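You will see two complexes here that share chain A, one where it goes with chain B and one where it goes with chain C.
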Partner chain A sequence: MSDFLIHVAAVSCLYGILALALNLQMGFSGLVNFGLIALFGCGSYGAAFAHLWGWPPLAGLALGLVLAALLGLFFARLGARMSEDYWGIATLSLAEIMRLVFTNEQALAGGAQGVSGLPVTFSTLAGQGAGLSRLALYAALLVAAFILCQRITRSGFGMALKMMREEPQLARALGYDLGRMRAIVMVISSLMAAVAGFLYAHYLSFVGPEQLMSHETFLIWSMVIIGGIANNWGVVAGAFLMQFALAYVPFVKDWLDLPTDFVAATRLVIVGGGILAFLIWRPKGLFPERIGGSHG
Partner chain B sequence: MTRKTLLPAALLSATTLLVAPAAFADITLGAVIPLSGSNATPGEDQRRGIEIAVKEINDAGGVLGEPLKVIVEDSAGKPQTAIDAARKLVTVDQVPLVIGSYSSGITLPMGEYLVQEGIPHLNPASTSGLVRNIGDSSFSMVGLDNVSTEFAAKQVIANGWKNVAVLAVNNAFGQGVAQEFRKHLEAMGGTVKTSVLFTGGQPSYRRELQQLEATDPDAYVFTAYGTDAALIMQESFELGLQQDAPWYSILITMMNKDTAPEFKQGLTGMDVGYLGAGGEGYAATYEASYGETFLSAYGGYAHDAVLFAAKAIEMAGSTDKAALLAAIRTLGDEGFSGATGEIRLDANGQRMSQPYLKFKVEGNDLVQVD
Partner chain C sequence: MIQFLIDTVIRALDLALIAVALSGVYSLIKFPNVALVQYAVVGAFLGMLLQQAGLPLVLALPVSALLVGGLAVVFNVLLFERLLTEGSAIALIGSLALSMILSAVFLLAFGPSAYRFELPVSPAMRLLGARVTLHQISTLAITVAALGGFAAILFLTRLGREMRATATNRVLASASGIDTRRVINATVFLSGVLAALGGMTLAMRGSVSIDLGTQMLLPVFAAAILGGLGNALGAIAGALVISAAETFVTNTNFGVLNGEGFLFLPASYAQTASFALLVGFLLLRPSGLFTSEVSRV
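So, the complex of A and B:
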């Protein structure tokens, strides 16, 4: 297997975890989160702080998870007081605030220059061993996240989440504590996003505020929309499809002997055009949601 | 279930087809530069520099008797895209050396990836002081911030401007310049009254400009990329800031092309010298090929990076990594003469001396002053 294929597959696994996290919030619970990247950032900056302060990497993971859980709870708590669309805007703002703080507080984590030189996971293994081991680790975590999401969405709790999404008044009337449900969903998916962020930081070996730009959130949105909202298989497929499409554009350029500018234009068309095309012609995505609970 | 399996299967077969390595007999190098996003103009300049260098080398018979080729990939101004591109170049195209990129926030993570792989990395433009620590197999063809800001601070003091206000773009490059400039200016007895960092791409910079004006400085010292700088100059003109105090630009060629002449009268500044002794030929070829003068100061460095790499491969006698790294170090010690002047590398693989030029604006053009 070529190194590049391993690389793209490994990154796709991490994006798959992010897409599952977003799907749990947006797809199943109707929580329109535009600030997912902030939760990812908790994980990556957890890794960065651990590196800066000389902690072992796993302590960075723990720190990232704690930060993400707290931020997730904060998101959920904000959601109790405002309607869905306002909440979406609030999450976007919070993610931007976080990015601006990390850009401007140069003493905190290097400001815009970021933190570089993080140890790369399994870098001591020889040859393709490192790449394959990373891919195996990420794939195992993706499978674990997938099973967790399937379990949740097929359980009674999952049905309650769908009810919260479709008929919040009815759910409330039936005695469901929507605030608590929202908090549980947010914490679970925040932890998933933070794990992806932590692994990504130790893969790229660099953490910087530019990774927290809002267009990163929309890339994950495109995976969920194209793959299929509220379908766990679909969003993972969407994540792989988008990552592979974006990563392989330069090969099309080499093949057809096109100028390098072609790559930039095509990537824009893939993300922007992809979202638009699916919203217009196939709003349920490649793999539509299966209605009817446990036999999906 | 069939649809579920069909897609991954199709994807897999498509990708295996795509990753089949291309069989090139030529010597192929890789470059990752911004061809889209806000730095697309200097990126294009770098691409032209590379193109000219490749032509020069091939006209002279190639490298080790083989034609030279440089595969150029777009960084899109994003670290993830740049690293994807570098990985493609290293693992699929199997290049022995990668040149790149433009901004420090991208060069740092990309360089670190290349260092992990043991692939020689030539930095043609990024000047953040952090570049020095990327690692053993990373080399800079350009002098870093600490050198350029010292030059700028000396000039500011020489002009009699003791109290200045600094405006810089809020990214890895701008933060580095603001910090280093303050350090040098204060060491020379000057004062930075305020350092304002602005976010690029805004529709207006009046708020930032008024913040600067409030400190009543002797001069405004700024550094900004193309289109942002054009707006800053226009608004500072409209607000009357240019009447109160002179403006001085660090790395003036980054912004000059984009700014209209009426908004930059009396502007002075400095930039990396993009032509050293023997660079006239490069300038002439550039103008003949593209029908205009340099788009930025950085094409020359990308050009020299290609020449430097080609010379190192000749010295090594092959594209073997270890031999190539040894040859780069030897060449860096001996010194190499490119379009940007003599390139000598210090123990960290960074360019030791770097020509800088003083400029003033005349109409739309930059004129060098002594």
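So, the complex of A and C:
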């Protein structure tokens, strides 16, 4: 396996975890979150702070998880009385506030320059060993996240989430506490996103505010929509598909000898066009949600 | 103080046209169309191309605005009508995707650099002790005229009455013989015209680059939501509040807070102010200032 393939596969696994986290929110619970990248950022900046302050990396993970859980709870609190459009805009705003603060505060994790030189996971292993071990670790975590999501969505709680998505009034009338359900979903998926952010920081060995651009959230959205909203298999497939599609754009550019702007523009077209094409022609994605018999 | 007021009004001009367009469309088809800020960028680029093609500015502005209005109708018929059958959240995501595609088109056609209209440079004048440029006054005139025209259509014409009827109760409006689809497309057309004018007035006072849409997105939304999404004239009030907050954040000396006597926040915190205001406001009044809509459970 070439280094490049290992790299793309490893990043795909991390995005798979993010896609599962978003799917738990928007797919199963109907929470239209446009600020997912902020939860990812809690994990990556947790790693950055630990590096700056000389803490061991695992303390950074703990810090990132705590920050993500708090932010997730705040998102859930915001969603308590808001309709979904407003909540989407509010989450987008919060993610942008976070990015702007990190960009402008030089004292806070290096400002626009970010933090570099984080220890790379398994960097001591020789040759391809490091890359393969990282891939194995990320794949194992992706499988764990997948099993967790499958268990949640097939449980009674998962059924309640779907009812909250489809018929919130009915769910409330039947005595479900929607605020509490929303908070639980947000915390679980925030923790998943933060783990992905932490691992990504220790993979790139760099954390910077441009990783928190709202484009990144929409990239994850495209994975969920193309793969299949509310289908855990589908969104993981969507994550791999999108990562591999994007990874090969620079090769096409070199092959056709096109200007550099082409790469950025093509990425936008792949993500935006993918979302639009699927919403119009195949709104259920490649792998539609399975309705009924999901306990089987 | 006068300078603060004038800065606030000038900044509000940036937001008002697009925010009114956003609110106007929302009142009829219940989804916030994110792509409207990109229509503003299309309008600015198109106006510039027309001017380079030899059209005088007085003609380039309205022609570009009308073309963008037509484009908005085309997107509405081809995309949003279909997406709205799946729900407003799906249409919102679709409009985000459309924005991404439009920015890719801008990137390929114009590259990342900034463009400006060919305008004579005019020195700042003094008005009651505050600095004002001629371009600021002319954009003020354009904005006031456009908003006045929109208000006149909304409140004085038959189309405006049909628009208001459709916004209040679409089923009832259609039952009483109003062609709601035509009314909606007319409103979408007007929103495209307003957004394009907004983009061009912005470009007249500064420059336009492909990032303009992304930069405007949240302040415009903040203004529209503060005014109560769907209340077109409330959006003007929202724009004033947002721009007052932004001007306050960037022009105030916060030196007292850190004891050093001198602390100005970086200009990009102007955006942070509007987002924070938006989020804080939504916490208190989840559906805007001037709406009485019943919120979700």
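The rule is short, and it goes like this: the second predicted complex is superposed on the first by the 277 of 296 C-alpha atoms of A that agree within 3 Å, B and C clash if a C-alpha of one lies under 4 Å from a C-alpha of the other, contacts with A are read in each partner's own complex, and residues count from 1 in each chain.
By definition in this document, a residue touches a chain if its C-beta (ideal position, glycine included) is under 8 Å from a C-beta of that chain, and two chains touch if they have at least 3 such contacts.
None of these values were measured; they are calculated from a predicted model.
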Going by the contact rule set out at the top, does A:Asp261 touch chain B (first), chain C (second), both, or neither?
both
First (chain B), second (chain C), both or neither touched by A:Trp233
first
Just chain B (first), just chain C (second), both, or neither: which does A:Ser83 touch?
second
Does the superposition put A:Val101 against chain B (first), chain C (second), both, or neither?
second
When the two structures are overlaid on chain A, which partner does A:Ser2 contact: first (chain B), second (chain C), both, or neither?
first
Residues of chain A that sit at the chain B interface in one complex and at the chain C interface in the other, please.
103-104, 261, 264-265
Chain A contacts chain C in the complex at 30, 32, 34, 78, 81-86, 88-90, 92-94, 96-97, 100-101, 103-104, 168-169, 172, 178, 214-215, 218, 221-222, 225, 261-262, 264-266, 268-269, 271-276, 279-280, 283
In the complex, the residues of chain A that touch chain B are 2-5, 7-8, 11, 103-104, 106, 111-114, 116-117, 120, 123, 204-206, 208, 210-211, 233, 237, 240-241, 244, 246-248, 250-251, 254-255, 260-261, 263-265, 267, 286-287
Write out the stretch or stretches of chain C touching chain A in their complex.
31-32, 79, 82-83, 86, 88-90, 92-94, 96-101, 103-105, 107-108, 111-112, 214, 218, 221-222, 225, 229, 266, 268-269, 271-272, 275-276, 278-279, 282-283, 286-287, 295-297
Partner chain A, residues of chain B touching it in the complex
3-4, 7-8, 11, 15-16, 18-19, 21-22, 35-37, 47, 71-74, 76, 78-81, 83-85, 87-88, 90-92, 104-105, 108-109, 112-113, 116, 128, 130, 133-134, 170-172, 174-176, 179, 197
